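You will see subunit A twice below: alongside subunit B first, and alongside subunit C after that.
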Partner chain A sequence: MTTATATPAGAGLPGAPAGQRGAVALRRRRRLVILGLLALLAVAALASLAVGAKPIPLPVVWDAIFFPTGTEDGIVVRSLRMPRTVLGIGVGIALGVAGALMQGHTRNPLADPGLLGVSAGAAFLVVIGIYALGVTSLFGYVWFAFAGALAASVLVFVLGSLGRGGPTPVTLALAGVAVSALLTALTSALVLADTNTLDAFRFWAVGSVAGRDAGTVVQVAPFLGLGLLLAAVNAPGLNLLALGEDIARGLGQPVQLTRWVGLIAITLLTGAAVAACGPIGFVGLVVPHVARSLTGPDHRWLLPASGLAGAVLLLAADVIGRVLVRPAELQVGIVLALVGAPFFIALVRRRRPASL
Partner chain B sequence: MTGLLERPPGRLAGRTPVRLGPFSGVWRPRVIAVTLTGLALLVLVAAVNIGRGDFPISLAEVLAVLVGGGDEAQQFIVLELRLPRTLTGILVGAALGLSGAITQAIARNPLASPDILGVTAGASATAAAVIVLGGGNGVITGLLSAAGLPVAALLGGLFTAALVYALSFRRGIEGYRLVLVGVGVGAVAMAITSWLLVVAEVYQAAQATVWLTGSLNARGWEHVVPVGFALVVLVPVALLLAFVLGGLQFGDDTARGLGLNLNRSRGALILVAVALAAVATASAGPIAFVALVVPQICQRLVGSSRPPLLASAVHGALLTVGADLIARTALGTELPVGIVTAVLGAPYLLHLLARRNRGVTA
Partner chain C sequence: MTTPRLEARDLQLGYGDHVIVDGLNLDVLDGTVTAVIGPNGCGKSTLLRALARLMPTRRGHVLLDGRRIDRTPTREVAKVLGVLPQNPIAPEGLTVADLVARGRHPHQAWYRQWSSDDEDVVAEALSWTGMDQFAERTVDALSGGQRQRVWISMALAQGTDVLLLDEPTTFLDLAHQVEVLDLVERLHTEAGRTVVMVLHDLNLAARYAKRLVAMRGGKVVADGPPDQVLTEDMLRTVFDLDAQIVLDPVAGTPLVVPIGRRHRALEVVAADAG
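The block that comes next holds the complex of A and B.
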């Protein structure tokens, strides 16, 4: 927790050759990790297309995707399960990458996109939309959620950067906690004032990928794409920041610029994810720890691994939620906590998670 | 930790030591000043809180009733309605403030609060289950409903905390692992809570939301007694145990080198923090922010390297009662106190952050 000034011990230094053979082995291992995650993602995506209230055999799924003939199964796959699967992949990648970025920037292993007020801001504006403007469709929630996520995180960054020294990990985290608590309280006040708002809000707040159509995917895709691009640009700079701000500055890294790029990427990614699916916790918190234990702390590898692992986790949780209480469904947010938490606890118990 | 390095070295040498038998400490007038000022404000705010309402009673009359005077109506309103509510607020706030101070000192993380030990999440899930599922479904919820909401919430909170502790025990307790396991268990409890809210009828969901926000509404003597008893037992224990906090501050290796039995002292402190938070949450629901923000505010007011315990308790009570006063009287309708604590506490933390950015230590 006081890793604020501590650099990762020994092998943690990104790019430092620990002997030629070790470096080669590490690179091969990281490639294997990425390939393995891609394979897992493919399996999860196929399962997501085939499994549900109406199980559809894989050959039929294949035909429905590539040779659509308009059969009933084909319509289920193309209009219901494909948007849901694509959205699950996109949101999973976004949450995984955002979580890794966030833990890197705040150097706090508890950092979670929810920490910067993103989820709370989105929830608050969604409630305002329902309460004051009578918005009840998912299509309408998206824009309110995105605006709220953006506004809340900008507020957190501005408040966290006040005072001398600009934004530091701790001030940002504290500002995020404060703003989140404030917005959550206001959300509760609105929800308690009107039962209809509570009724609409509680189904959004549980976090789900069900019932989203292709339109939702198209709406959030540009924000996801831009966010991922900024994250990729940010990775090398984040590696230098891990050495400490002073060393990073000494090595010629524009520290403030790196911070801002990272913060914008986090906001875009989590904002888009929350907007599309409601607040889905746990992916951004758990996945970076798992990915870090596989790839080590080098963000150029950690970010893609986190993204892929996030997508796998989200799709798997969604599929499990459809199977557990068939023909009803458990929302993915609930399944993620029920499945992800024991896994996370086992990981934490097994050994100390790789330091940041 | 970094704060030590930034401080001019002369200050440390200039402090006056105080020795009393086997105990010794450093004379810190600011700690005493902050605690006493908080206490005075607390008495004032509590008296105002008792006086205000649909049937206004002046401060002098409130004091008269408290020492045995006043007419029958005033006695009923003060002694049966408003005094127990205010006392519940004071005790719950003190318990939360103290619990937060202990947790933050052990975890050495300004974001730590008893929530991280899973207490409030467990209590919330149990309470939501009692409200939503009622007595009808299943043996466990039937038994919990029969025991009543506060008892069920207390059991839920304690069980969750015990689970967190058991799951994070591995050749001893490490602050880092405890916090992470707590996050995991808390997430499960929160998922169960939000699932219960989705399957509930709307009116049940509304009732559960009020409880989940933290409310002092309709709290009577039966809520005061358990919290009061818990505080009478736990506050002295906490203050005695607090001597090791100074050593724990330096990290595990140094603390061990100073001769501390890490597992025993840390386990005892965690037990105290959990008991305080669980009792408080069972009485009033999870009142947001008190346990998180009050220790941080007090740490800055006092200028110490870790949250001061007694000052945190006093100011926790002050924040809770002040928030209840506002929740009851400021707006037309009666809000849950948890909303006001958050709206009051958050900007103050932000203000302190902006003003003394460099004073923040992790």
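The block that comes next holds the complex of A and C.
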């Protein structure tokens, strides 16, 4: 009686070709989007290597990378601009992917990776490090920032999971806002109490990719890598969660596991970014909207597109920051706020952001 | 032929301190269409969610093909039992084909994401519901009736023998309600699916289901073929509704004609005069 196979009666009717044709067109478009973003990223990376207080022609950049001879320009490119560019790419990818994950899991188009208390936690422990232990090097900040990011998000997860039914987007967002507010208040209290701490902290708090050496990149790379791996694993499950928890469960997806994997990925990616560069806003909020308008809501395409677009935006903002007030520099966090705010307003005005 | 696919054994369900369903037993036989009816808040949607392992049971358990559903790997369950919750919402910008393709999830693995089999099943599901010409449209651009057909296509692509539908006709006008239920009927007659659905419209329930389960206060009060369940007494005790039952001139099933306050008064007057 029971039909053993999945196929309903009326198989093989016309309609299959039309569906396949459309699917092929969509796939081709998504592939073009990824290729286009890769090309843009290459251009941005070259600009990041060539542009600065001392402009260096592209052929010299090329030689410095592939045939290093130890010229002055070569050293500038290899020891200053290359780590800065690599870090910018890594952090841009991390923030873009984390932002898309965050908006997907919360089904909230205004969600930002900072919503989980990651940035506030990082800032608080950096201040503790400066104030109580006298840490003043960027290299030292990284571990404090990362520990703070992890501790704050664990606290947010625990608070958000207290209710019956485990963590939900709403309880997590509430816990995140509460923990962030508390930590930000404590941070302000410490910073206001001590001028030396304020001086050291304010340069970290603005968010920058400048002045970091290859060591910073190596420090955060494993966390970035693990975060990206978990994000990739999370994409199909997140696609099902986007249809609603009941549909996801009905299709055999373990919902709580999917949530946890996503939250850990967000924490690792945002934590690594904040640890390396300080809190950088706007990338995680704006970039997923741009990516979504190019690829549609399928996270298997949206996550990579978001990551690449994040890297392009971060590098572009950093390069602009070097040109605007030459020979001085504007920190990338400030440029992003200056560029990002009008851009976001334009995006919202042009068409309302897709509801999730 | 008459083995139960889905069984509820002494179910107690609830949220917090609130018990919604208590001591409920139900057998769903293979290849049948069952409609669960009852007033708002009687626990019919809660029961459906528990049957679909979407919520835990407090006491008792649900058996799918004789196995406890909460002890069966959820992906295994998803190959046999599909569920459409009430009023599902697709993310903006998702195409019809992509949504239906997600129904194939239980049949995929990390090493085998998408196969030509999946492609065929999705195309068939779309042509079966008549949605193939909309494959590349986005779901949010469709009308309510078309959208419901897309979700049914997704459930169809999941390829399960048993399908649970929670009020598949909510927010649809009458023509589209009939269209969706016609589709459900074909699922049963042409594809041999076992269907359990929660329905609000008693007349449509009587017409499209072979068996009605009437619930009130978390218990089953009546259970059987429509002409035995849908009686004036049942409507009074279960729905607190005074109504007359006439024969549906088209389908021959019972048809509920509610009386209402004005006509109840007239009836009394008529009775007095007579």
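Please note the rule applied: the second predicted complex is superposed on the first by the 338 of 356 C-alpha atoms of A that agree within 3 Å, B and C clash if a C-alpha of one lies under 4 Å from a C-alpha of the other, contacts with A are read in each partner's own complex, and residues count from 1 in each chain.
Here is the rule we go by: contacts are C-beta pairs under 8 Å (C-beta built on N, C-alpha and C of every residue); 3 or more make two chains touch, one makes a residue touch a chain.
Worth saying up front: this structure is predicted, and the values here are computed from it rather than measured.
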Original post:
Of the partners subunit B and subunit C, which touch A:Gly333 in the superposed model: first, second, both, neither?
Top reply: first
**OP:** Report the partner of subunit A that touches more of its residues: subunit B or subunit C.
**Re:** B
Original post:
Touch check for A:Gly250: first (subunit B), second (subunit C), both, or neither?
Top reply: second
Subject >> Which of subunit B and subunit C A:Leu40 touches, first, second, both or neither >> reply: neither
**OP:** Classify the contacts of A:Ala205 with the two partner chains as first (subunit B alone), second (subunit C alone), both, or neither.
**Re:** first
**OP:** Scan A:Phe344 for contacts with subunit B and subunit C and give back first, second, both or neither.
**Re:** first
**OP:** May I ask you to decide whether A:Val60 touches subunit B, subunit C, both, or neither, giving the answer as first, second, both or neither?
**Re:** neither
**OP:** Please identify the positions on subunit A that touch both subunit B and subunit C, taking each partner from its own complex.
**Re:** 1-2, 5, 164
Original post:
Where on subunit C does subunit A make contact in their complex?
Top reply: 1, 16, 30-31, 49, 52-54, 73-79, 81-85, 88-95, 97-99, 102-103, 105-108, 110, 113, 119-128, 132-133, 135-136, 156-159, 161, 187, 190-193
Subject >> Touching residues on subunit A, where the partner in the complex is subunit C >> reply: 1-3, 5-16, 18-20, 22-23, 25-26, 164, 233, 236, 239-240, 242-244, 246-247, 249-254, 292, 296-298, 354-356
Subject >> subunit B-facing residues of subunit A, complex >> reply: 1-2, 4-5, 108-110, 159-160, 162-165, 168-171, 173-175, 177-179, 181-182, 184-186, 188-189, 191-193, 195, 198-199, 202-203, 205-207, 281-282, 285, 330-331, 333-334, 336-338, 340-342, 344-345, 348-349, 352-353
Original post:
Given the complex with subunit A, which residues does subunit B contribute to the contact?
Top reply: 1-2, 107-111, 167-168, 170, 174-177, 179-181, 183-185, 187-188, 190-192, 194-195, 197-198, 202-203, 205-206, 209-210, 212-213, 251, 288-289, 292-293, 296, 333, 335-336, 338-343, 345-347, 349-350, 353-358, 360-362
